[in-house]
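The structures considered in this document are given below.
Shared between the two complexes below is subunit A, which pairs with subunit B and subunit C, respectively.
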Partner chain A sequence: MIAPALILFTLFLVYPVIYSLGFSFTKFQGFGSPEFIGLQNYISLGQDPFFWRALQNTVIILIVSIVLLVPGSFALALLLRRKVPGGGALRALVFGPAIIAPILVGLIWVFILDPKIGLLNRLLGFVGVAPVQWIGGDTLTPYAVALVFIWGSIGFAMTIFYAGRQVLPEDVMEASELDGATGFQQLRYVTIPMMRETFAIVTILMITSVFKIFELVYMLTGGGPVHRSETLVSYMYFTTFTNQKYGLGMALAVIITVLGAVVSVAYLALSRERKTA
Partner chain B sequence: MRTTRTDVIDESMSTDLTGTTPEHQKPKRTRRRAAAIASGAVAYLITFLVVLPLLWIVLLSFQPSGNILGNPFSLTNLTLDNYLTVIGSLPLLKMYGNTVLIAVVAVSVGTAISFTAAFALTRMIFRHRKVQSSLRFYILAGLAVPVYILLFPVYRLDLAFGVFGTYAALILPYIAVSIPFNTLLLTGFLREFPSELEEAAIIDGAGLGRLCWTVVLPLMRPVIATILIFNVVYVFNEFPFASILINNPDMVTVSLAVSRFQGQYTVDYGGMMAAATLVLLPQLVIYALFQKQVIAGMTVGAVKG
Partner chain C sequence: MSFSITTAGRARRLAAAALVTAAAMGSLVGCSSSSSASDGPTTISLSMQNPDVKTADPATWAIIQAFEKANPNVKVEVTGEAVAEHLQKLSIAAQSDTLPDVFWVYKSNAEDMLKGGKLMNLSPVLSELGLSDKFPKSTVSNFTSGDAIYGVPYQGLLTGLWYNKKILQDNGLQVPVTFDDLLAVAKKLKEKGITTISNGANQSAFSVWSFLTDLDRFGYADKIDGILNSTGSFNNADFLRLYQHIAELRDAGAFASNVSTQTYQQAVDQFTSGKAAMLDAGVWGSSAIQKSSVAGNVGFWAGPQFKDGVGNQNIIMNVASAPLVVSAKVSKDNAKLAAVKKFIAFYYGDEAQQMLVDNGQPPVTTYKPKVDPSSQSALRAALDAASAPGVSSPESQPDLLVSTPVANAMYDSIYGVIQNQLTPQQAVDLVQAAVQSK
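Up next is the complex of A and B:
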């Protein structure tokens, strides 16, 4: 009974991970047999400015997204808990982008962010702001990608906060009100501490999602100009499948997997420490 | 969202606002009302900003090509021309046919084998209990693996098994990556679920197959629904695997077709937007119809995963 799942899982998930790890120590261009070169791929990546640029972009997206998205979606959840006419419909609309294919999200945002034809520069033009090169320039692309990521995830994160707030025991809230807590005090000393676990869930989910960002870059800039807007995953895809440097690509894939896990675990450890402190 | 005590309290608070209030509470009441109006306005503004990009795509899809570069906000000469060109050039039926076929096979097989596995992992008695719990842990560890590390090895596996170029090339990895998540939800559900009913069925003479499929499965409808929704959304929107494992133009999936719009329509922005709208609208309609289940399915899934 367990055999079919176990076989498929082992063959198409566990074995590939080991295979990638093994390939990351070889030089392989798609023909002949892979040649063992030890840690050479990892050393080459360390000397590759495009790799560091991709890492930097990923970190920028990570920081901007987490800093804006976590408090933003929490605030939105609290806002939508209040009696707003049509609140249910608003929640459904804000969640909407989460079900759209990332590749289509990327295409849609080309028409918002494109410096010449995009909606954003046209709207800014009405108030006299000169066109800004949101994508395709040298610096702004990771911030633009973070914006698109936030757009796609805010409703999702809000829904988790909304559900988390919904199950808080209401007698505690009432007690704090009777004790004369102001709205802010209640939020700071009751609501947020009681929702610590929800904050951890949302933050971890967003960290792992940022480390998977690929389609947005693929559609918005293709990683260009000259790899200056790549994320780690899009650069891995390019190295592996466009450049066909399979060994190098797998080394990059291993680094991404380890980094994603390390950041998530580090966040969990930090938030647990704060809880005991 | 399910109704909880908080909902009830919310409602009683708001009726209090509109009902009669003693004179001395008036200033507080007006302040409260102002705050309610302000937060309502902010909520509407944010929602509008979220929906705006979609409205923009739909608007552009009805613009004659001259207007897109010149005056895209004009509402006077809207036209269906873009749609007429696109319907001729876009293999809509093929895209959707392929994606639905892949999704139906991958999700139904993935759910079925995960279900039998989860049943074995929680209900059957293994000679060594440790084997059972380590098998469960082994499968759940798959949750920590990002799909990007699988792309190249799966491509090589598909070639080695001779399935590259068939639907199975994509279906097999889709099933495999769904197993850890499905197992997590199903074993979680089965562990909390009382087994008395199953014991009664066994006493009545039900065999293992009947027990599994006709006694337990129907009771698990909610968790199965969550799994189906989560996986169907994943397969429908998946791009990285599809981009590598499909090289036959007759087998393109929806995501794959969308990724080629920029090359296909180049500067025919109106056409590109009409094509994007034709992909977007069916998704949004289905979402609107099953909104509650979809939101629940995706968030419960994500939180547990």
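Up next is the complex of A and C:
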């Protein structure tokens, strides 16, 4: 019975991955025949400073996002779960950015973060703060991308936490209250442990999302200046399609896939270890 | 037993379904191939590097409309994507032998395709149509490989710096001639908070046309063969001096502070709204400039002459852009071949060349266009600059003589210095590394 699903999965997922892996060992510029060059593409990437910069930026975005996004969205979910007037509207408002296409999110934030015409620097200018190069410089851009990513994703993560919290058995909560647990103790010893799976899902989703960030960078800076703000995926796009180095681009794609899988599996393993401990 | 019978039955059903699907697809393919062979109109496909040819490339669109009107038995099916997607599509099509009949492609890609037997040699067609002598010699030699002419010019590439006469006059400045003049202009305008040269690196790293011409003012044409065959290097004293001059311009405040995040279109808007004294662009910008409030005050400058440059300094970049090429498959289909010949004859005829001019493009043949001095004042200024006494043009724009990765490294090197991310030495090293990276 699983044959049709297996065929589709093989056709649309496994085959492209294997195909890309094969191409990553070739020199291919789009036209003509691919030439087998062994590990040369991987060696070239190791010597490419722009690749290391893209990796560094991706790691910065990953750390900032996970550190702020997971607890932030969880806190929002708890906050918006309370019965307050207009709670539903507030939840919809927070979820709003999640339904905006990332390319538009990038466009919106260009007009906020641009060092010359951006809203933020104009507002800061009113209180005498000198213009800050939020994007387009070589220091703050990955942090700015992370914050924009958080803005776009927090509603989605919050919704998962909200749903996860809703299905927790209320009798357990009541029992802990009867036992005299404070709000913080209930959160620390009941809610969070019972939502461990939800935390894992959100974290894994955010890790994989960070490894796919492309449109935000494309709109905010185009990867510049001189590839200083590239993420792994935006640099892969540049390498493959703009520079027409398909073999090298596929090597980058393989690295991104492996890194994403390793980080996700490592987190899951860590998470399971804590559960069994 | 029953399990195996069921499985065999399923396999037969699957096989039958696959056959039916294949037959249906075969009939569809048969329909599409027979359409060009039937007595109805012949369709030729034209694939371009613009997502919306009608609005983004009105000159080509106008030519196609006029061609179809003049040739009711030929239909031109136009498609287009942004450059990267367009090239990706061509790459896939080249592998599956489904290239469009006529398409835009970079010169370096076209040469690869020619080697792979994917392109038609247009030499006999151009001779038959009497077009060989209608193109400048440099255009033909640019698109020739061995004995084959693999491409015809899509549009002209007349590039330089548009300037706002009023901004210069209001600040007591003359149109610069030399690099020192330009530097003085930048310093003066910086004091007034005005951007001297408007350009934008975001999603448009290629928008460094005037600096590419400057490379030719430092001997690029004579050096490039040596650089590519490893007897020379991009990291040479002449090019290094040019990059040092770009750094001097940057330090003088010539560029917008948001050059990193600004797109080319925003740079154009900055100029057409009177907020920048110059715009690094080409003749294609004339339409937007003509429609703007600065139209009556605009001139076109070939770029600065350098006292420490190499060779002729009085040059302007007036060359053919990337070519239009024809798929080799067209030569095997008589109806298509005849239709493509008609299209080429029309495209490079005087009527179509005037349409190019009417849509803000210079002609690509030797045709002398009619330009209205008032409603096309911007275009007139560019064409006048190109035909000024004593001015000559290189044979090709520097980035069109190298592979795509090297061209991209050139753009990065120039913007890297403009954005103060690379020193001049790092900039030339970056390009040399791309040259060496085979």
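Just so it is clear, the second predicted complex is superposed on the first by the 263 of 277 C-alpha atoms of A that agree within 3 Å, B and C clash if a C-alpha of one lies under 4 Å from a C-alpha of the other, contacts with A are read in each partner's own complex, and residues count from 1 in each chain.
Rule of thumb we're sticking to: contacts are C-beta pairs under 8 Å (C-beta built on N, C-alpha and C of every residue); 3 or more make two chains touch, one makes a residue touch a chain.
A quick note: this is a predicted structure, and the numbers were derived from the prediction, not measured.
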After aligning the two structures on subunit A, examine subunit B and subunit C and state clash or fit. clash
For A:256 in the superposed arrangement: first (subunit B), second (subunit C), both or neither? first
Given the touch rule stated above, what does A:142 touch, subunit B (first), subunit C (second), both, or neither? neither
Quick check on the superposed pair: does A:218 touch subunit B, subunit C, both, or neither? Answer first, second, both or neither. both
Touching A:11, do we find subunit B (first), subunit C (second), both, or neither? first
Partner chain in contact with A:201 - subunit B first, subunit C second, else both or neither: first
Touch check for A:115: first (subunit B), second (subunit C), both, or neither? second
Which of the two partners, first being subunit B and second being subunit C, lies in contact with A:246: first, second, both, or neither? both
Have a look at where A:44 lands relative to subunit B and subunit C in the superposition and call it first, second, both or neither. second
Residues of subunit A contacting subunit B in one complex and subunit C in the other: 110, 117, 218, 237, 241, 246
Using the touch definition from the top, list the residues of subunit C that touch subunit A in their complex. 84-85, 87-88, 90-91, 94, 109, 112-113, 115-116, 118, 201-205, 256-258, 260-263, 403-405, 408, 412, 415-416, 419, 421-422, 437-438
In their shared complex, subunit B is touched by residues of subunit A numbered 1-2, 4-6, 8-9, 11-17, 19-20, 23, 76, 79-85, 87-88, 90-104, 107-112, 117, 119, 122, 151, 154-156, 159-160, 162-163, 165-168, 170, 201, 205, 208, 211-212, 214-215, 218-219, 233, 236-237, 240-241, 246, 249-250, 253-254, 256-257, 260-261
Provide the residue numbers of subunit A that touch subunit C in the complex, in ascending order. 27, 29-33, 44, 110, 114-117, 131, 135-138, 218, 220-222, 224-228, 237, 241-246
Hey, which residues of subunit B end up touching subunit A in the complex? 1, 4-7, 9-11, 13-14, 36, 39-40, 42-44, 46-47, 50-54, 56-57, 60, 68-69, 72-73, 113-114, 116-117, 119-121, 124, 135, 139, 142, 144-154, 156-157, 172-173, 175-177, 179-180, 183, 212, 233, 236-237, 239-240, 244, 254-255, 258-259, 261-262, 269, 272-273, 276, 279-280, 283-284, 287-288, 291, 294-295, 298-299, 302-303
